[in-house]
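There are structures below to look over.
Consider the two complexes below, in which subunit A is the common component and subunit B and subunit C are the respective partners.
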Partner chain A sequence: MDAIGFAANIVYQFLTNASFLLLAAIGLVVILGMMNIINLAHGELMMMGAYTATISTHHGIPFPLAVLLAFFLVGIFGAVLERLIIRRFYGRELGALVVTWGISLIMGQGTLLLFGPFMPSIGIPGGSFALGSHSFATYWIALICISGLLIGALWWTYHNTRFGLMSRATMQKSAMAEALGVNTDRIYMLTFALGAGLAGISGALLAPTASISPLMGQQFVAPAFITVVVGGGANVLAGAVGSSLLLSLVKTPVGLILGAFLGTVALLLTALIVIRLMPNGISAYLQRFTERRVGA
Partner chain B sequence: MTGMGIWRLLNGEEDIGQSPRFWLGAGAVLLALLLLPFYQTEFQASNAAYYLLNIPLALGLSMLWGYGGILSFGQVAYFGIAGYTYGVIAGNLSATSLGPLIGMVGGIVCCAIVGAIFGYFVFFGRVQNWIIPILTLVFTLLLETFLGQTAGYQWRIGTVQLGGYNGMTSIPSFQIGDRVFQGYWFYFFTLGLTLSAYVCCRLLVNSHYGKVLIAVREDVLRTEMLGYDIRVHQLTVFVLAAALAGLSGLLYVQWGNYITPSQVGLVPAALPVIWVAVGGRDRLLAVAIATYLLNWINYALSEAGNEYAPVIMGTLLLAVMLFFPRGIIAAIAELRRPKSRAAATVPAPDGPK
Partner chain C sequence: MAADTSIAPADQADAGYSIERRTVLQGIGATIAAATLPAASIMTRSDRVEAAASDPVKLGFIEDFSGNLSVYGLQKLHAAQLAVKEINDGKTLKGGPVGAGGMGAEGSFAGKPPIIGITGTTLPVVNDGGSKDRKDVVFAEDEDVLVDSGEKGILGREVQMISPDGQSNNALWQQLARRLIQQDKVDVLVAGFASAEREAIRPIVDQAKQLYFYTNQYEGGVADANTFCTGPVCEQQVIPGVSYMVEKFGPRGYTIAADYNFGQLTAAWTKAFAPLVGGQIIGEEFIPLSVSEFSTVISRIQQAKPDWVMTLLVGQNQHNYYPQAAAAGLRLPMVSTVNMAQGYEHRRFKPPSLAGMHNAIQYQMEVPTNRNRAFVSRWMKMFPNDQYIGEMAQNTYFTIHLYAKAVRLAGTTDQQRVKKALEAGWTIEAPEGAVFLEPGTHHCAHYIRLAVCDENHNVSFPRSWPSIEPWWLQRLGVNLIKHPEYKQYVPDEDPYFAMFAKNAPKKS
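Here is the complex of A and B:
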């Protein structure tokens, strides 16, 4: 029985880490893949989602509703940001990086001034159950399922809806899409809002597992960006899934044996090695691999 | 190289100021800086040294970002590495008066080595341009986390404790023989090093190396087709920027005699980018002036107990990126130029979408 518990624990840890990475990266991936904008305010958008969920739960709103609220609130905030600032930086990657960093600085420090350094966090919903001598939190298992569902929903949206079709067209060749009557300006705004909303939903979902502070966004920055960098830009959704699984494969054993910090260091080292071997990330490699298979 | 050759490099067109009027003004400012002890107290001179000591860091980032087209958010990592290395070496060798000198050399060498290893992976891996800032930022955050958890007696090197979040304290000041550099002496020491760093950078950007660097920024592929190994140029400028950031870190720990992991945190990491962007990233002198002024403003704000300082700095960055993408000080300098020149300087593209 304990052997099963042990094996289940390994799988559980592995999937927990992978879904954490995926959740941390998902909003970033959408914005980067569709718009070529590197959003350094991503961590702060997650922080905003976490604050929204925490504050509304403290006011008696049920947690699932609070998560949805975070999605819409942060999404709307993202749309406003895009209209006012981000859209001036299309096609200027480094400029966008710097300006989103400025936004992140203002958001982090502004939250510190508004809400103070700490906020009591909400407890992890759901209990836990034991298998042998190992215990498993129901909430994390729910998160694993939710992150899978989110990716599935995104894939479905981009391949089966009118919005998805128009955004993929905009991404491939915006001038052509525009000539065919797609309002690319609106697509960009909606995409940024979607990415921000996803960051908000991730922040809200991870809020019960984290300590709530204005600078909490920072802890998501490293894992989120490493996941995106390793994933690459060829096929962002597949890349994000692939890289979060690969990185979790590295992080889980290192983290279990050597502690959380060295687990994160292992992430960075893996990222350096992966981009040395595959400069365009896992997704480009996967794509080449599948193309070869199909071609043969 | 002949004297004329050096003058030609110094007076080149890749930085602000070629006219006799400019050099007259520069001479006057230099004189004012040299005569500072006559009209400022030792405390004020020490503050001025603090504003000055950040300039090498900013110059390095300007070389990297403005001239080389490589953005780094992680220059403070090298600042921290040099500071901690100096603290460890000088602290352990406190019995000899040579300790601080060895510490300075060790700090710079350490930065150069770390920068070279990091740069090797990044540039020889031909990592895409947008990934580099992210990797440097992640590196900085990891360094902060690592230094933060070094509390306790087991984290010591020789007799020096790393000290976790409280940081490393009682780091020795710089000294040569019996002369300890503090107060006015430290001010002149900083002024000398900062000025040399600036002159070296100015010579470099106007040299052949600088031209190739700018060519790499403008078009990587074309430069490569002309036969230059762009990876080597990118790596060397990255190492140079790391060493310059290290120089600032060394001066910082000698100035305050302490360093904490929060020096490599997210807010300090943002500041150099703000200085460089506000000044004008491809104009060294503009960067140096902006660094001095912004440090002064930042100090004045935080001295007044103003916790809005980081928000104000962030807003400044946003405003500059939106309305003065070439930098405020560079834009002011451009106003005074003849029309033909000003028209010739088109905004540097950040690369195709």
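Here is the complex of A and C:
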């Protein structure tokens, strides 16, 4: 019986680590992967989602609604940011990096001034169940499913809707898309808002597991950037999924045997090796691989 | 979906850089402005509690009001502000250079300890423990220990507190310590939460021979003629806590600790002392301060199957362990020297995250004595929005009062004379009980209670040790009056640790 529990534990740890990386990265996948804006305020957008969900839950709004509220609020905030600031930095990656860093400082310290250094967190919904001598949190099982659903929804949006078609066209060749009648300004704004909204959702989903404090977003920035960069830009969604699975595949056994700290070290070493061998990320390598096989 | 690197039309993109004199001058000006900005923000950030009077007594106070450790720093700031206000209003705590001990008498009490909750700012007794049919020696209890000092301020001079924000950043701590000592020339420095912060500023303190109080509980071992450590140390917390856990739950323990000097040294203490009380640490894990995701840690604990877990987690990131462990169904009893009493996790996380948490501490807001209730109501009158009064806040409070009494005894604020006055064998009546500052080791004997948190996050105190001395430094032969030293001892330097590990009774 314990063998089942042990095996289930390994699978559970693997999927938990992968979905943590995926949730941290999903907002950045859209903004960095598709729009190529180095968004250093990504952590603060997640923090904003977490605060929205926490405050609304404390005021009685059920948790799923609070998560949706976080999506819309942070998405609108992202649209405002894009209109006022980010649009002046398209094509200027270093400028975007500095200005988003400034935005992150303002958001972090502003939250500290408005809400104080910490806020009571919401309890983790759901209970736990046991298999053998191991017990698992049902909330993390839910998060694993939700992260898969989010990626699926994003994929569906970009491949089966008109907005997705126009968005892909704008990202590939914006001048051409504009010539064909696509309102590229609106597409940029909507895409940035979508990225911000996704960051808000993941912040809200991870809020029950974290301490709610103004600088809580910092813990997600490094995993998000590593996941997106290792994933690569050729096919951002597939790349993000692939990189989170690969990094988790390395981190989980090392973490279980040698400790969580060495697991993180192994993850970083893997990212280093992958970037060295495949500088444009996993998805670019896979795309070239499939192209060569198909003969294109 | 390939991303075009120049996402916007080409004319919006920057086309190379041209260096002109104007650009260079603008750049230099911007750089100078950016470099002075942090210095300006430091200088405007300090708070002045009292307006500058004629030659005030300056109390330098550095804690973290923002960042990872702010949950502790703000409590300590309020404690210092309360103490300074009471001193300036002409109040002091009972006590004097009278040696250790108190008056005892025979009395009756309930077989079970009362369970204390917190409602708003009052400490209601949720369950009074049943009929009072046990007889034992009880200590005389004062209604309140705050008395008149006979003067406003210290030696007729107002106390002025200078309290900049350390921002949980060690490099900034060093800058602030230097500034307070060299520029503001403070008469006393009360600072430090994390052991890393203390060790960052202690060399600066020693260089200037500054009188320095470290009011936090820590891993022990600081033998420094300029430093007075008024917080409890491992022999007062680890040993009572671990022996209680071994007695109640079994010998196998698992340690998870923050990965810096405090966590490593306290874990070394736990590992070395557990065999002496019949226990055994079957595994240890050290977790960096920035980690907040604990599913791997929880899984490894479940695999090891201990009887209890020793948690030495520091900082807001690491406190996420508690709700995550509860959600994952980990229901092992826990013992800690830092969690619950300092960072009030049982008030910040929903029940039953901290069910089964045991603390061997000298103070926690729920201590059910009259002098503590008086202290809590004074605090809540001054800070009505505060959520909790933690272990270290109480330490800061009585330490500042102790400093005032020592200055009155010395008759001057000259730091060398006050250090000598502090070595007079002081007992100070703190909200926790009577605290004795030992002259030779500069550490305090404390009233230690074992606090247990139940599933509703209410607290009871099933066991007390009315006075535990800080005996480790005495065993190492530290006598700072005869032989001044300026170092920190670590368990490796104590041959007894290894000796006892070999001779410990064998238990499976």
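Methods note: the second predicted complex is superposed on the first by the 292 of 296 C-alpha atoms of A that agree within 3 Å, B and C clash if a C-alpha of one lies under 4 Å from a C-alpha of the other, contacts with A are read in each partner's own complex, and residues count from 1 in each chain.
Assume contacts are C-beta pairs under 8 Å (C-beta built on N, C-alpha and C of every residue); 3 or more make two chains touch, one makes a residue touch a chain.
The structure presented is a predicted model; accordingly, all values stated were derived computationally and were not measured.
*Asks:* Should subunit B and subunit C be called a clash or a fit once both complexes are overlaid on subunit A?
*Replies:* clash
*Asks:* Could you tell me if A:99 is touching subunit B, subunit C, both of them or neither one (first, second, both, neither)?
*Replies:* first
*Asks:* Does subunit B (first) or subunit C (second) touch A:121, or do both, or does neither?
*Replies:* It touches subunit C, and subunit B stays clear.
*Asks:* Looking only at contacts as defined up top, I'd like to know whether subunit B or subunit C touches more of subunit A.
*Replies:* Greater contact footprint in residues on subunit A: C.
*Asks:* Which of the two partners, first being subunit B and second being subunit C, lies in contact with A:221: first, second, both, or neither?
*Replies:* first
*Asks:* Report for A:157: first if it touches subunit B alone, second if subunit C alone, otherwise both or neither.
*Replies:* Neither partner.
*Asks:* Of the two partner chains, subunit B (first) and subunit C (second), which one does A:91 touch, if any: first, second, both, or neither?
*Replies:* both
*Asks:* Given the touch rule stated above, what does A:276 touch, subunit B (first), subunit C (second), both, or neither?
*Replies:* In the superposed model, A:276 contacts subunit B only, not subunit C.
*Asks:* Touch test for A:173: subunit B only (first), subunit C only (second), both, or neither?
*Replies:* Second partner only, subunit C.
*Asks:* Tell me which partner A:265 touches in the superposition: subunit B (first), subunit C (second), both or neither.
*Replies:* So A:265 only meets subunit B here.
*Asks:* Examine A:38 and indicate which partner it touches, taking first as subunit B and second as subunit C; both and neither are also allowed.
*Replies:* Touch partner of A:38: subunit B, not subunit C.
*Asks:* Could you point to the stretch of subunit C, among 74-82, 218-226, 254-262 or 272-280, that collides with subunit B in the superposition?
*Replies:* None of the options clash except 254-262.
*Asks:* Which residues form the common part of the subunit A surface touched by subunit B and by subunit C?
*Replies:* Touching subunit B and subunit C on subunit A: residues 36, 90-92, 95, 112, 215, 218, 233, 261, 264.
*Asks:* Quick one: which bits of subunit A touch subunit C in the complex? Just the residue numbers, please.
*Replies:* The contact residues of subunit A facing subunit C are 9, 12-13, 16-17, 20, 33-36, 90-92, 95, 112, 117-118, 120-124, 126-130, 133-137, 139-140, 158, 168, 171-175, 188, 208-211, 213-216, 218-219, 233-237, 252, 255-256, 259-261, 263-264.
*Asks:* Which residues of subunit C touch subunit A once you look at their complex with the stated criterion?
*Replies:* 1-10, 12-14, 65-68, 70-71, 74, 259, 285-288, 290-297, 299-300, 302-303, 305, 316-317, 319-320, 323-324, 326-330, 347-350, 353
*Asks:* With touch defined as at the start, can you tell me which subunit B residues reach subunit A in the complex?
*Replies:* That would be residues 65, 69, 71, 73, 121-122, 124-131, 133-135, 137-139, 141-142, 145-146, 149, 266-267, 270, 273-274, 277, 307-308, 310-311, 313-315, 317-318, 321-322, 325, 349-353 of subunit B.
*Asks:* Okay, in this complex, where on subunit A does subunit B touch?
*Replies:* Interface residues on the subunit A side: 36, 38, 40, 85, 88-95, 97-99, 101-103, 105-106, 108-110, 112-113, 215, 218, 221-222, 225-226, 228-229, 233, 261, 264-265, 268, 271-273, 275-276, 279-280.
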